[in-house]
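Order of writing sets the labels: A, B, C, D and E. Residues in every chain begin at 1.
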């Protein structure tokens, strides 16, 4: 089982060697990145098959868990590690083929992202989170236009503040508990973290890691960065990295801070995110920013789903998160050719019907039109929210319903704009999608359709993952082993 | 609006943190894991400096993450600052005093740097501190003779090789059946220069990498354009 | 022991305030290096020699160097006591 | 003992003071360079808090020296963490400064508001969209606006 | 593999077959054949229409712990019959000549047929829903299918279909909220638990559920506050699509209302729920909404100059009658309401097909530019004549039977004010319907319409069949009343005793057979007198005089421009467009909020909200 460390080590090795070797070895250097990603996804698949669904852990450096750092491999971690490699492979930015440094940044991001999914140590999660954000600074600033650089700078400042808050949170936790291993912390949390100090630490870490998870107060950077960065990088950031940040928060929530106030806090932040995101998206007048605001709204929805107490909440949250993981990158890839204001895109649907068809499919799934998985995810969330006897949860459900109406309006305002007839719209200047530019969207669309057809097995599997995530005792016994004497 | 609210909010945050912090009993860190490491570290890793044992042994992946962050930071700084064939500002030639003192200081700083790196597992200090000193050492000639070309390619190669060496050592442990980044070659006798198995090698490699990276970073900052 | 820590903390906080309120950028960088120097001595008092060395080498040494170089590249190195406002007109 | 209590109070006021001053610096100052500096200050404060977390009164440095027993030593784990945190801080600072250099070249100013306005104008121009602050075309009119229904007669 | 599965599978088969042949010429025939097959299978299910127990489908899923049950009962069968009837007629109408005309205009009739088949399939699925979850899923599919049908004709239709889908999503979301509340209260989504638990719920909860479910259905049905989208959206739908939508699509809302209000919650509870500070009960409020839904849209129809818009506004008005009848909860009234669904479907379909036949020939539906087509298109004229007689509710046609039953029940149930309101509505109907036939067929033929011939047979046959159905069900309403009685039994309303000729009750009831025979006897005598005595002589349409002197042939003396100008002069100021104003208030409020949130992201300095949030939350936490 120790081979899982390769998932973090190999891309890192590739990243270190790429800037050195790229000039001399030419195309081998270019292919090194995708090859490594293929290798890591194979490793994850093999390990997943062997583990057969039973969570296990590995000790890095061979030291006993509470002292050393451990990687915890349950279904959730493995699925996100696999998703990281596959999605990065699918969305390999065009700049990465030309410039070895961008390829190195991508490899760093992938290794840190899978590290974040797997790691079972508080400070280690922070280091991987920091590596992901520094790598994303590089990828976002890659276009080197004035706007991209300014947007990245504002992003660096707000991430810097997030770092400070996360560090303070970790310091508080360490002062109180004296350990960093999540399993050990879970044992101690009942006695030490179940008070205002625990909540303060949670709030600080939530804001710290929330920068990447596009939580309400700290997602000011999202529209600027997604509008200026290259679309595939935005796809990766919006689709994958934000989910990983949320998964980290949820793992901390489930293991260390099971207090109800934390859940209501998540709900309030999520609700504000949904409301502001969807309203701003309705107001946006160009495609990228509409997608950026819609991703803020969707992530607010993910947070609200996770804020439902108990296993139902985790199940609904995972469903919405996985659905957004598939749909948003595909939409951003569509934005590669269809970037810019809506006026310029009037009638673009006639010239590239496949792209328009894909957009309609993804829009329907985002809104939650039945047979598509988006509907089941939203239904689970709403039933969960309305199932609580608490008026805040009911207002949350109301906000989701209101936001869906706005979502339907702005998505199909753009969708129908694609088919606006009229002579000038058929002119040459309308951007056209061809097979090359649609590749990733087509694959993700196929995945969505497969999930639609096999909704019951996918649902049961997700319920299994949610059960494992919700089970704190399983986590502690797997990592620390039953009955071990602890320092 | 900003000038009023920011001090207010900062004061509020400080107040809450103080209220929360006041509950800790003074100066008595629980040291739940710390005490166990202090007992166990000398035997398992064989280092005198327990912090090095923690940095490279117990929390090795943290340090790997750390040098990756530094590598990314200097990579991005290079990516952003580099411009092909940028004009070289005509800088005033440094005075004689600076030139001569740099010639004197350069070997001295190299010695100090390597000393600190190699004794990382015995005395305080190690890869990071030594690497910074090496970077400063490489930076001095730039101050002395502003016009000289910086061998960026050389720096990049050392940086890449050192980083991959760090990982390769970890992988060797993995492929020998142990865990990733497991200390190798036994522990040797504590207190000796050649003790603590693979840790000193890791620190050496780390020092070289940090040194090369920061030198590259400083070079990028100094020059407008630079050939790579 | 208490007095030294107390003194250091006061110096550190004053230097931190100075970083924000000094008009002249070079002075601000100097104040920043004072903060990290005071911090590294504090780390020594807290029995963390490794961290003290790192803070001294990286915090005081390297970051001040990087800040100074950046100042030169940004063209803000005039040492006169120009006030922040007219300096903004200058670099417009 | 009062002496112990004062030491801890001094240290924590120092740490939290640094963080607070850093955060104020980031928000209050208009000049980009000062914001990056204040960020460094805030991170220094956070590092100090981490080290304080591991300090034990009358403890010894965690170096195996003759005559010092492990029980007397200070907690080594936070020191390892701070090592990493300091170097991360410098890494981000260097990155921010290089970005600031290029932003100054692009927008010829280091005032945070001017940069934001110029960036927003760039993004709007690149997307071919008129900024919605302009009064001539109030936004969102066409969505379900009454004009749509007007021509088919009032109801 | 019950008959219901056969029905659904044939519907799916038609859908796939239409999709396969969408590019070819004979897609119309494939679609019509498929719909005909479905109608045949429905006839095999006929016992349902006569009180047989519900048929449940073999396909049952269990999704996330919620069983999805598909079953047909008398009500579903009745609605399915109308859906398939309307679908078949529209599909046949859309094949042949009309499709060539449509293809010449640059659009593809194949996709229209596909959209029709998709709408029929989703509606059959909706009618088969056996629990709340399948009801909601099918409901969303129906709204999105009709969105596809509306958005097919690009151009102005895009704006209207976007408006429709916004309303429809709002309605669906209110239904989803109700669904969530029901799940929270009963822990499951099937009807049996709901009906068992509804007794213990408080008055407020029942009102909330009624309103939430009702809002969802009212949007589709076009009940008053949510009616603004319907006229424009239906009018922009291409030809037969509009006939289908006008006939049955908005009645799915009525199916939902009957299912939830009448069958699950039960009208008795709605009557018990008293609105504080007023003497009205919840049911009375709903009936008054239905009454206003009759009046306002009908008088807006009066002002329309486009025939399609006129009939679309009528669709909304007539919906009010059906709702009024059902809510009267008496055997006679509810039977009238349910019968009116069938009657109005046939009337609306035949009128729309006639209008589109006129459009096919003359190219325009603008009532100010038509006239005197009676001489050129006699069969279409007959079809429209039968349609407007039925719509106005004049004896020989079926419209009279259902309107009579509704009026009679309003009086016997003691609701005179509602009776007055619906009579005002009927007045509006007669006025606007007369405008339709006068401006199109009566008066003098225009110069440019001289060469116009009768519509091709592929369009006339469906119209004639519909006209025949209207007359037959008017002459012998008993045929449909059997099905209506079965529906009443299935839904839990008192069943109406009826005979082949009409209603039999103590106060003399209604016998249409006798009435029609007497009517025809009267016509016969007057026709005999008119033709036999030879006094009459045919006069050319243009040989007329006004004010004592003759008009030359080139002067067309035809009162069709701004037909009701005089009437409008008097009641014009009553049209204040209050609903339009309310809608634009909501729209501008939403756009203001959106602009503020966009500016929040544009202007806000990144660090301040983070610090603010940290402090606020810490304060709350401590």
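Methods note: a residue touches a chain if its C-beta (ideal position, glycine included) is under 8 Å from a C-beta of that chain, and two chains touch if they have at least 3 such contacts.
Computed from a prediction, not measured in an experiment: that's the story for all the values here.
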A correct list of chains touching both subunit D and subunit E reads A, B
Under the touch definition above, the chains in contact with both subunit B and subunit D are A, C, E
Centre-most chain by CA centroid is A
Does B-E or A-D have the larger number of C-beta pairs in contact?
A-D
In angstrom, rounded to a whole number, how far apart do the mean CA points of subunit B and subunit C lie?
21
Between the Cα centroids of subunit A and subunit B the separation in whole angstrom comes to 30
Computed distance of Cα centres, subunit D from subunit C, in Å:
17
Where in subunit D do residues touch at least two different other chains?
7, 13, 17, 19, 21-24, 26-28, 47, 52-55, 61-63, 74-75, 77-79, 81, 83-84, 87-89, 91-92, 94-95, 97-102, 116, 120, 132, 139-140, 143
Quick check on subunit A: which residues sit in contact with 2+ other chains?
123, 127, 130, 134, 137, 141, 144, 149, 154, 157, 161, 168, 172, 175, 178, 180, 196, 200, 282-283, 409, 413
Two or more other chains in contact with one residue: find those residues in subunit C.
48-50, 54, 58, 62, 66, 70, 73
The chain pairs that touch are A-B, A-D, A-E, B-C, B-D, B-E, C-D, D-E
Parts of subunit D lying in touch with subunit B, wherever the complex brings them together:
4-5, 7-8, 12-13, 16-17, 19-21, 23-24, 27-28, 53-57, 61-65, 70-71, 73-81, 83-84, 87-88, 91-92, 94-95, 97-99, 101-102
So in the complex, which bits of subunit D are touching subunit E?
23, 26-27, 112-113, 116, 120, 132-133, 138-141, 143-146, 148-150, 152-155
Which subunit A residues qualify as touching subunit B in the complex?
2-3, 5-6, 8-9, 12-13, 15-21, 58-63, 66-69, 99, 101-102, 104-105, 108, 111-112, 115, 119, 121, 123-124, 127-128, 130-131, 134-135, 137-138, 141-142, 144, 149, 168, 172, 175-181, 184, 188, 196-197, 200, 486-487
Using the touch definition from the top, list the residues of subunit E that touch subunit B in their complex.
605, 608, 611-612, 614-615, 618-619, 622
Residues of subunit C defined as touching subunit B within the complex
48-50, 52-54, 57-58, 61-62, 65-66, 69-70, 73
